[in-house]
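Chain lettering (A, B, C, D, E and F) follows the sequence in which the chains are written, and residue indices restart at 1 in each chain.
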Amino acid sequence: MINRKIVMEHDKKIALVAHDNKKRDLVEWAKFNRDLLAHHDVYATGTTGEILENELGFAITKLQSGPLGGDQQVGAKIADNEIDFLIFFWDPLEPMPHDPDVKALLRMAVVWNIPIACNRASADFMISSPLMDGEYDRLVPDYDGYRTRKIEMGGEAYQEAGKEAEQEASEEADQEAGEEANQEAGEEADQKGTDSDEDSVE
Amino acid sequence: MINRKIVMEHDKKIALVAHDNKKRDLVEWAKFNRDLLAHHDVYATGTTGEILENELGFAITKLQSGPLGGDQQVGAKIADNEIDFLIFFWDPLEPMPHDPDVKALLRMAVVWNIPIACNRASADFMISSPLMDGEYDRLVPDYDGYRTRKIEMGGEAYQEAGKEAEQEASEEADQEAGEEANQEAGEEADQKGTDSDEDSVE
Amino acid sequence: MINRKIVMEHDKKIALVAHDNKKRDLVEWAKFNRDLLAHHDVYATGTTGEILENELGFAITKLQSGPLGGDQQVGAKIADNEIDFLIFFWDPLEPMPHDPDVKALLRMAVVWNIPIACNRASADFMISSPLMDGEYDRLVPDYDGYRTRKIEMGGEAYQEAGKEAEQEASEEADQEAGEEANQEAGEEADQKGTDSDEDSVE
Amino acid sequence: MINRKIVMEHDKKIALVAHDNKKRDLVEWAKFNRDLLAHHDVYATGTTGEILENELGFAITKLQSGPLGGDQQVGAKIADNEIDFLIFFWDPLEPMPHDPDVKALLRMAVVWNIPIACNRASADFMISSPLMDGEYDRLVPDYDGYRTRKIEMGGEAYQEAGKEAEQEASEEADQEAGEEANQEAGEEADQKGTDSDEDSVE
Amino acid sequence: MINRKIVMEHDKKIALVAHDNKKRDLVEWAKFNRDLLAHHDVYATGTTGEILENELGFAITKLQSGPLGGDQQVGAKIADNEIDFLIFFWDPLEPMPHDPDVKALLRMAVVWNIPIACNRASADFMISSPLMDGEYDRLVPDYDGYRTRKIEMGGEAYQEAGKEAEQEASEEADQEAGEEANQEAGEEADQKGTDSDEDSVE
Amino acid sequence: MINRKIVMEHDKKIALVAHDNKKRDLVEWAKFNRDLLAHHDVYATGTTGEILENELGFAITKLQSGPLGGDQQVGAKIADNEIDFLIFFWDPLEPMPHDPDVKALLRMAVVWNIPIACNRASADFMISSPLMDGEYDRLVPDYDGYRTRKIEMGGEAYQEAGKEAEQEASEEADQEAGEEANQEAGEEADQKGTDSDEDSVE
């Protein structure tokens, strides 16, 4: 499968989500990293958004509470490339009424290959990465094969010819297969060779 | 719990979603009911949207394929009151990679109390209702109690005073508890007494 | 896949199920629509049945509480064509110990294509439909293909020749593929063209 | 919680269920134990029933295929005390479209405390038990407390006084708390002290 | 698929696991069967282990609490053939935060075909079996086919030649297909013909 | 809740897990970061382990295939503090037979707060972090409160006095609440202020 690249710009669109028992953890973490977060566009669901805005002192785009649709709003924005970084402290020790939404949101982050931190250690490792400071080309599988799959419609199969539609979410992904990837993630990252996202063609 | 009312206007915002093995069912149903659907705003996910636009001959707002985020886009629009009617023919005989998204979308329709048809019989009963022709006040629980719940933040609990935020999804819901409901669903419905949505106060 | 038709008679076999936080909603709805419900055969699970019988004043077939098997009793009756209409107000905001039973019951309603209302808005649209007053031929896929699939039994595959068994649930489904469907759902429905259930042959 | 006792008679009502990849295992096992099974009432779902009847040579009550409702039929019969022994070889290496039905059936067997064997080793241990030859009093929690719980109905709580209903499934369970249990499971079992089901009162 | 045999020795490695509402049940059962359990190696998770050690008076290998990893520790030991008998009283009437762990543990017991009792009736039937007294050859599918499946690695498929690795868990399983199984489960079992585990070749 | 600290040493214990459709992604990533990985202890499940050992040229501890128990082996090692870093490329577009194991493994990583990367972007951000080069004190809630919770045992509640057991997994966590955390994650991290893991006391 060919991978496309979607550029994550220097100023990222970061969603912060936390279940009730994890809100304190998230707020502590966000306050500690306030200056790192300040120049990004920050989104948060429900009460988390209220608390963070108070504690951090800058504007946050507030979404619905998770059980009322917030998780799906974040997921939709990931599919629309309007959110490209997810800090999601879900609670592993409490059954959730919106458990499917939680799983669906994790799925979305994985489908679109955005960085996702499910706990504080992951968030610490990610936010301290030099990749936070520069652009990062994230690889996203070219799902056009899936979109143009043949559908059985009762005898006659349906398949579009010359399908070009539905590429909204990958508008920025114009690199072609075979083209030389050119990710510059800052000096430290290069030394470490984290630039693993070379173009993939099958 | 106090219920709020959200007006469903004469022209509804209808989402049509179908898994691959159910696409033929949905297309047959939509073609049969083409004229009924034409004056509404119609949304559809992935390939379903392509096929329906071809078959019905009017414009459809096309969203992502379900496994790539389409279900969550529909769910988010329900939470934002941008979709208020869901025809969702999911496949009960095939395991789905995005099973949590499917469950999450069903949840969202139930949370916000929009009409949802999961199969053709349900869709037939709904579309033939006289309520399709008029306005319908759907009852939605006033979730402000949930939104202003106390959060334990490590000793000091957090709770907003005079919380007014996060009512985006219920902007149109300005009826007050105790106010007289005034649903007019057309002659047939009244005769049948379907006007069950009187205001509920606890 | 060929669809069979199963006649839903004028007097329907309606199951009413509601989780604890939704029982009040269901009772309000049922009282409002008491006269519409009275001539049908009504089933209800657990405590819901007790309450409804008191409030509605007519006899109700009472099944087990959901977590103790009531959902599966309803599902079994759907498979046996002993229930053909389901009002199921499940709770989207509370984790349920019998969550799989809830999902399984939804599945059963979809597999056998009976009208199912998961919330009050759906129930309002359905009960006000003119299809409630007449017969309705619901389409059910002819699952014989599935039933006679080849099973690998360690080398020798097993498949019945001339399989006629297991058609209990579709006894009433004697229309043949190609035969002209003849659904009469009342004047309003016809005008609206809801008679979408023409015979489907693949 | 007080436990009631439900007598499992010498001739048990045994359900045999197997997913496709496990049917061969189940058939081998049933043929090997044919004589042990012959005097019981045997139920089986879908194709499994067809195959077993051919291979074993005695009549079997055949239920729906699992994905079409068979699992829920078995579950309902467990709740109705019409099945009291379950051999269920589900497939741990294949995603199932009716996964919730599978989980729901397991739940039912646990709720009503009937012997359940999920694989061949468990079935071997169970069928070779001397308890198969005699009566066995299985303990079932007295769920009346659950059935008469208080339901919030919008201000006025609902609770029945002197609730006696819904004891269909435990009709045979007339032993009182404090009464001396009197389980005779055959000589071998007694020697081993498996008669652990003394009456439990809290 | 060829089945291998793994010998369960006279002294078995038994894990006892119970959710909070089922701990009393498990303890009662274990005390009643204390002498039967004493000569086996007994493992238990979390608090269950503490209580059992006090009540039974012999040493028990204690693992983590279930939600903190105990279920996965038991599952891992099953895969490593360090546990070969599971008594697992899970709670069918309470949503569990570690529901996936519970399901995963059940899966593991089925994958590796160890006797598993999910409730007291099952445990009674199993522990009273004469197979508890002797060796028992449990059949385990030879998963080498799965392990050496072809993996698509972007054009060039990957498959090992002469794969011998990863047989740790089946080290004791050296019987070859075609070899005569020789299970001796004691007199009672033989008379009953429970020796159903003859070698299976496809 | 008091947090304990568990030191992640310079040489970490990293598990690499990938579903079939993601194995190519993982291998590409691991080869690109070969030198960074080489000095750590690397674990991998099933075929992934075979491939990686070939491609990377250093020894890898190989565990079971995921569906056969590998995920639970990794989860158990996390609970035992034998794995403290997880790269887990699960497949969001394919239903998995061992879906509960997948969810359970994610849960375990979150419960014990180890860094976990679910896709390539997350892995890139983590591996390029300066925290990879030094020690990192990960915060883990002190679960003793959970372990010593009161269990209802039928009248008499059970609770240990002076509970000291079950601290195997947190042996290295001897810092006391209130003690000054002293995390040194290298120069770059300090400048960025990622050292957010100060001791937390409630």
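Definition applied: a residue touches a chain if its C-beta (ideal position, glycine included) is under 8 Å from a C-beta of that chain, and two chains touch if they have at least 3 such contacts.
Bear in mind that the values here come from a model prediction, so they are computed numbers and not experimental data.
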> Comparing residue numbers, which of D-F, C-D or B-C shares more than half of the contact pairs of D-E?
Replying inline: B-C
> Where centres are the averaged C-alpha coordinates, which chain has the largest centre distance to subunit E?
Replying inline: B
>> Among all chains, whose Cα centre is located farthest from the one for subunit C?
In response: F
>> Distance between subunit A and subunit D based on Cα centroids, please, to the nearest Å.
In response: 47
> If you average the CA atoms of subunit E and of subunit F, how many Å lie between those two points?
Replying inline: 26
>> On a C-alpha centroid basis, what's the spacing between subunit C and subunit E, in Å?
In response: 40
>> At least two partner chains per residue is the criterion; list those residues in subunit E.
In response: 24, 67, 92-93, 95, 98-99, 103, 107-108, 111, 146, 154, 200
> Taking touching chains as linked, do they make an open path (line), a single closed cycle (ring), a hub with spokes (star), an all-linked set (complete), or other?
Replying inline: other
> Every pair of chains that touch: which are they?
Replying inline: A-B, A-C, A-E, A-F, B-C, B-D, B-F, C-D, C-E, D-E, D-F, E-F
>> Applying the document's contact rule, which stretches of subunit A touch subunit F when the two form their complex?
In response: 24, 28-29, 32-33, 35-36, 90, 92-93, 103, 106-111, 113-122, 124-132, 136, 138-139, 146, 185, 188-189, 192-198, 200
> Taking the complex as given, what residues does subunit C use to touch subunit A?
Replying inline: 1, 91-95, 200, 202
> For the complex, which residues does subunit D have touching subunit B?
Replying inline: 67, 95-99, 154-155
> What residues of subunit A sit close enough to touch subunit B in their complex?
Replying inline: 20-21, 23-24, 27, 46-47, 50-51, 62, 64-65, 67-73, 75-80, 98-105, 107-108, 111-112, 143, 146-147, 149, 151-154, 158, 160, 165-166, 168-169
